[in-house]
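Multiple structures follow.
Next, two complexes with subunit A in common: one pairs it with subunit B, the other with subunit C.
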Partner chain A sequence: MKFLSPRQLPLTIGLLVAAIFVFFPLISAGEFSLREPLKQTHGFDNYVWFFTAPDFGKYLGISFGLAVLSALILLVILVPTVIWLNLGGARFRGFVEFISLLPLVIPVVALAIGAQTALPDFAQTNEVILAFMFAVLAMPYAYRTLDTGLRSIPLKTIVEAARGLGASWFHTIVRVVIPVVRSTVTSALFMTLALSLGEFTLTSLLHWDTFTTWVTTMSQSNILGAISLSVFSLVAVFVLLLAISIFIRPTSNTVAQEEN
Partner chain B sequence: MTQTEARLNRKGVPAWGTLTGRWAAIAVALLPLLVFMCVFFFAPLLDVFVSSFQDNNGAFSLLNYADVFKEPILTAMRTSLGLAFCSALVSAVPGAILAFLIESRGSERLRQIIASISGVLANTGGVPLAFMFVAALGLEGSATGFLKLIGIDIYGAGFSLYTFWGLVVVYAYFQIPLMVIVFSPAIHGLRREWNEAAKTLGANGAQFWRYIGVPLLFPSFLSAFLLLFASAFSAYATARAMTNGTIALVPLMIGNLLDGNVIFDEVNLAKALAVAMVVVTLVAMIPYLIIQRRAERWQR
Partner chain C sequence: MSSTTLSLRGVTRRFKDTIALNSLDLDVAQGELVALLGPSGCGKTTALRIIAGLDRPDEGAVLVGGQDVSHLPPNKRNMGMVFQSYSLFPNLTAAENVAFGLTMRNENKRSRLNRAQELLEMVGLPKHSKRFPHQLSGGQQQRVALARALAFEPDVLLLDEPLSALDAQVRANLRDEIRALQLKTGTTTIFVTHDQEEAMAMSDRVAVMNQGKIAQIARPDELYHNPSDEFVAGFVGQMNRIPVSIEGHLANLLGQQISYRSDWAGASANPLALVRPEDLTVSTVESAEHGNARVLARAFLGPLSKVSLELVNGIEISALMTSAHSQGFQPGDSVAVTAAKREYLVVAG
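Up next, the complex of A and B:
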């Protein structure tokens, strides 16, 4: 038994404790969400309840719409910037890095108060504003991911080849560069999606309603329902993100290894 | 061909070579980002900063800041700082140990799996996490019931999920994975050759750690600790969903000032509080960023 050898034993114990800490609450919450106090049994009543709740689809739709929009906003803004930084604009790298990492440093609560009063008028009356704010929050992660990805490929050669063959800048980016780093772009995209789907602070402080705030509102009338919703969304996000990180990372590594 | 063009073209930079091309590139690549950040990030923050120095009529005033140092805000500030400190400490130590075990003894495959899982867990938080813990470790929670069944009555021992230490436990769920992510590269960067070199020169294991390992790793540990501190200090959603305001924390207080039926003059107080929060996170994060950058030098 290799993992019980004196050298491996501490690691085995550490991983075991970590696994208990991660799965114990998740599994107990899962059990809790299946309780049916009135019938004194376990079953899927709570899950059925939220799936058939009249607003479930509506708020899930709003959240998904906002998440997709914020991911698109980020990509449209960041992809040209990061490509440019890795070609001719290297002098501005420190400056851009600083600006895009700042949202990590500022508490979301602080940003939310300012957003209440300082945003342009059109933004105060339309919830689409949330997509822009989510994009700000996801900026540090998206920037890092895109930059790491574009650094690991021979970007200059690829761009010169495409340009030399007569492609426009737009075509170079959309048809050549993005496909090469598609795993990076996808993971930046999904990180933004996950962050936007779970965002609560800005949404509730700006008095909009999305899926997450709907869950909190629901918890006041049906705590079991809200808990099953939470378990459902945690597991869904876990599976989604794990699938991405397991299926995507290896390909980006092979690209880097083959071409460096 | 001008001299500038010739110079740039020798370096093999197409299109940006000409002066107009370079301005066009800045306009397309940099300007959208700057405008976007100005409108949706800097403008709101500037507004917070400016109005925090104003009274209700817009005249200059330091009264908001005077209130920050009065009760009940003083207590909230103390609790928030204490929570951030305890949460960072409670999560940083096991996180660092775990990162060390995985990096030093784990296989490449295991390291990748742990990195993926940590990345996922570090991004949980907010409302679902709070409800998950209510279901698990709440008074009626199933983990609480299970522990009671095997003879551990945590509520009998004085634990409650809806208190300071309850929050520390819940935060650990995303803080420990965050620690593993941030601290692993530092351990990974400790080269095996350094250990071998020290051994060749006659150092034993303890001496290696005393004079080489710990001094090299300590800055990284400290910077990771500061990141955890800032993350716990500014967390809002989890605390809000879990405690429902039973613990006075600065972010929750700001939320209440904005949410509730409060008189108008408290909005600027909320802004002063927000500025105070920004100051605290900056004090923690600036050393973090500096240390990270320095550490990157020897970690390659």
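Up next, the complex of A and C:
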């Protein structure tokens, strides 16, 4: 039997503590969500309860739709911006970083009040406004993910090579840049989707109903059902992100023996 | 083969207060390989980027086959370029990379793939067509980049220090391969480098650049043996700076009367002759009073050896000779040093 070396011990202990910290509450929540106190047993009654609730599908659909829309909005704004910053707009990097940090330092309450007072009526009467607000909230994370990813590749050289080979700007972006930065864009997409699907505060302050606010409302009448809903949400988001990552995985990563 | 002539006319490029190119003129003949050689910041890469269309000149024009292409974007210039850093598209295989330029020119798939395979065979990578860039070594990546740049038969091939990221052995091999390929395809080529050996070995002509201008453009041998000024002489190869006395149209160098060329106007208090180490003849003497120098050290370089000497006036110089001849000299020996050529460049000291 192999024992851990003294150098591996602190790392292993650290990982174990982190794993307990992350997974213990999840496992506990999962166990709790399966309790059926009246029958003194475990079962799926709580899950059946919320699955058969009348508005379950409706609010899940709303949240998913808003999350996808917010991810699209953010990517349409950020991908060209970050590509431009890395190609020739480096002197504006400080300004863009400052703007991207604002959602972290401005309280969500202030954002909500700002939206309510500054936006025109037609924007306030349509829940699509939430997608734009979610995009703002996700911007600090998505921007940094994209920027770090793009800085790690020789984007300028690749773009110049493509242009020199006869590619127009459109073809350069579509055929070269987007495929090259696909994994980075995927990471930014995950960030935005995860944040949007779980957002509660802003939605509640703006008096809209999504899956998260519906869960809160439901939890007031059935605490076990609410825990089941939370566990379900967590697993659903995880499965969704996993599915997306598999769907847009790069075509080949096989590393062959290098020949010199 | 679609090779053609290339000319730069009064090309000037400024970056804020710095003049990167100062009214640069250059003519490259069809099928010729010209190296732009110079120290960092001399403007050679800026010149290449302006030729490629990746940068715009503030003044002047770029002519390809007599046509002004200064206003054209890079994708309309039909020029192939190989970059210093690896620039293959990481999401495409070697064959797809090579075929990229043809795809942009709407060639059909069959002819694209055939041409890509042909070029990969030409650069010695016929079995690597399906590999991705991260599955290739640095030298292989630059070979694929070269094939990619040549695949669509460019009017001009631009090489921006393509060997500088490679190790010495790969670099030497690829240097010869690039030259052979350029001669085979007959593509007009501009090759930017700061490595004088590379420039001399590969080029039909070498343009030595300094402060945004071409200091001298000539065949490698001419450049080496007849540098136009002190900068070129110092940048290309090793050079001894030996004091001379001017006597009318002649100069006295190491006790010999020589004719000289000069790049300074007027008299100089301390004129110096620029003498290549191999242009010095060293011979043994019977006694110290018959010699004019003392041997300091001897360095074995293979077939040749470098002998370091101290002249009687205290100036240190070096002489290059066959290793067999150098056997006769030991540190501390008194020797006689004479100039082997009859004419030298003399500069102000």
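Going forward, the second predicted complex is superposed on the first by the 207 of 260 C-alpha atoms of A that agree within 3 Å, B and C clash if a C-alpha of one lies under 4 Å from a C-alpha of the other, contacts with A are read in each partner's own complex, and residues count from 1 in each chain.
Keep in mind that, in the parts below, a residue touches a chain if its C-beta (ideal position, glycine included) is under 8 Å from a C-beta of that chain, and two chains touch if they have at least 3 such contacts.
Quantities reported herein were computed from a predicted structural model and do not represent experimental measurements.
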Once the structures are superposed on A, label A:V48 by its partner contacts, choosing first (subunit B), second (subunit C), both or neither.
neither
According to the stated criteria, A:S168 is in contact with first (subunit B), second (subunit C), both, or neither; which is it?
second
In the overlay, answer first, second, both or neither for which of subunit B and subunit C A:V237 touches.
first
State whether subunit B or subunit C is in contact with more residues of subunit A in the superposed arrangement.
B
Contacts of A:E31 with subunit B and subunit C, given as first, second, both or neither:
first
Given the touch rule stated above, what does A:G88 touch, subunit B (first), subunit C (second), both, or neither?
first
With both complexes overlaid on chain A, does A:P154 touch subunit B (first), subunit C (second), both or neither?
second
After superposition on the shared chain, which partner residues are touched by A:V128: those of subunit B (first), subunit C (second), both, or neither?
neither
Considering only the touch criterion stated at the top, classify A:V136 as touching first (subunit B), second (subunit C), both, or neither.
first
Who does A:G14 touch here: subunit B (first), subunit C (second), both, or neither?
first
Touching both subunit C and subunit B, counted on subunit A across the two superposed complexes:
160, 163-164
Could you please specify the touching residues of subunit B with respect to subunit A in the complex?
12-16, 22, 25-26, 28-30, 32-34, 36-37, 39-41, 43-48, 51, 97-98, 101-102, 105-106, 112-113, 115-117, 119-121, 123-137, 141-143, 146, 172-173, 176, 230, 233-234, 236-237, 240-241, 251, 254-255, 258-259, 267, 270-271, 274-275, 277-278, 281-282, 285, 289
Which part of subunit A faces subunit C closely enough to touch in the complex?
153-154, 157-158, 160-168, 171, 176, 179-180, 182, 250-252, 254-256, 258-260
Please give the residue numbers of subunit C that touch subunit A in the complex, ascending.
52-54, 73-81, 83, 85-91, 100-101, 104-105, 131-132, 134-137, 139-140, 145, 148-149, 152, 158, 170
Under the stated contact criterion, what part of subunit A meets subunit B in this complex?
7-8, 10-11, 14-15, 18, 21-22, 24-26, 28-29, 31-33, 73, 76-78, 80-81, 83-85, 87-89, 92, 96, 99-120, 132-133, 135-136, 139, 156, 159-160, 163-164, 169, 191, 194-195, 198-201, 204-205, 212, 215-216, 219, 223, 226-227, 229-231, 233-234, 237-238, 241-242, 245-246, 249
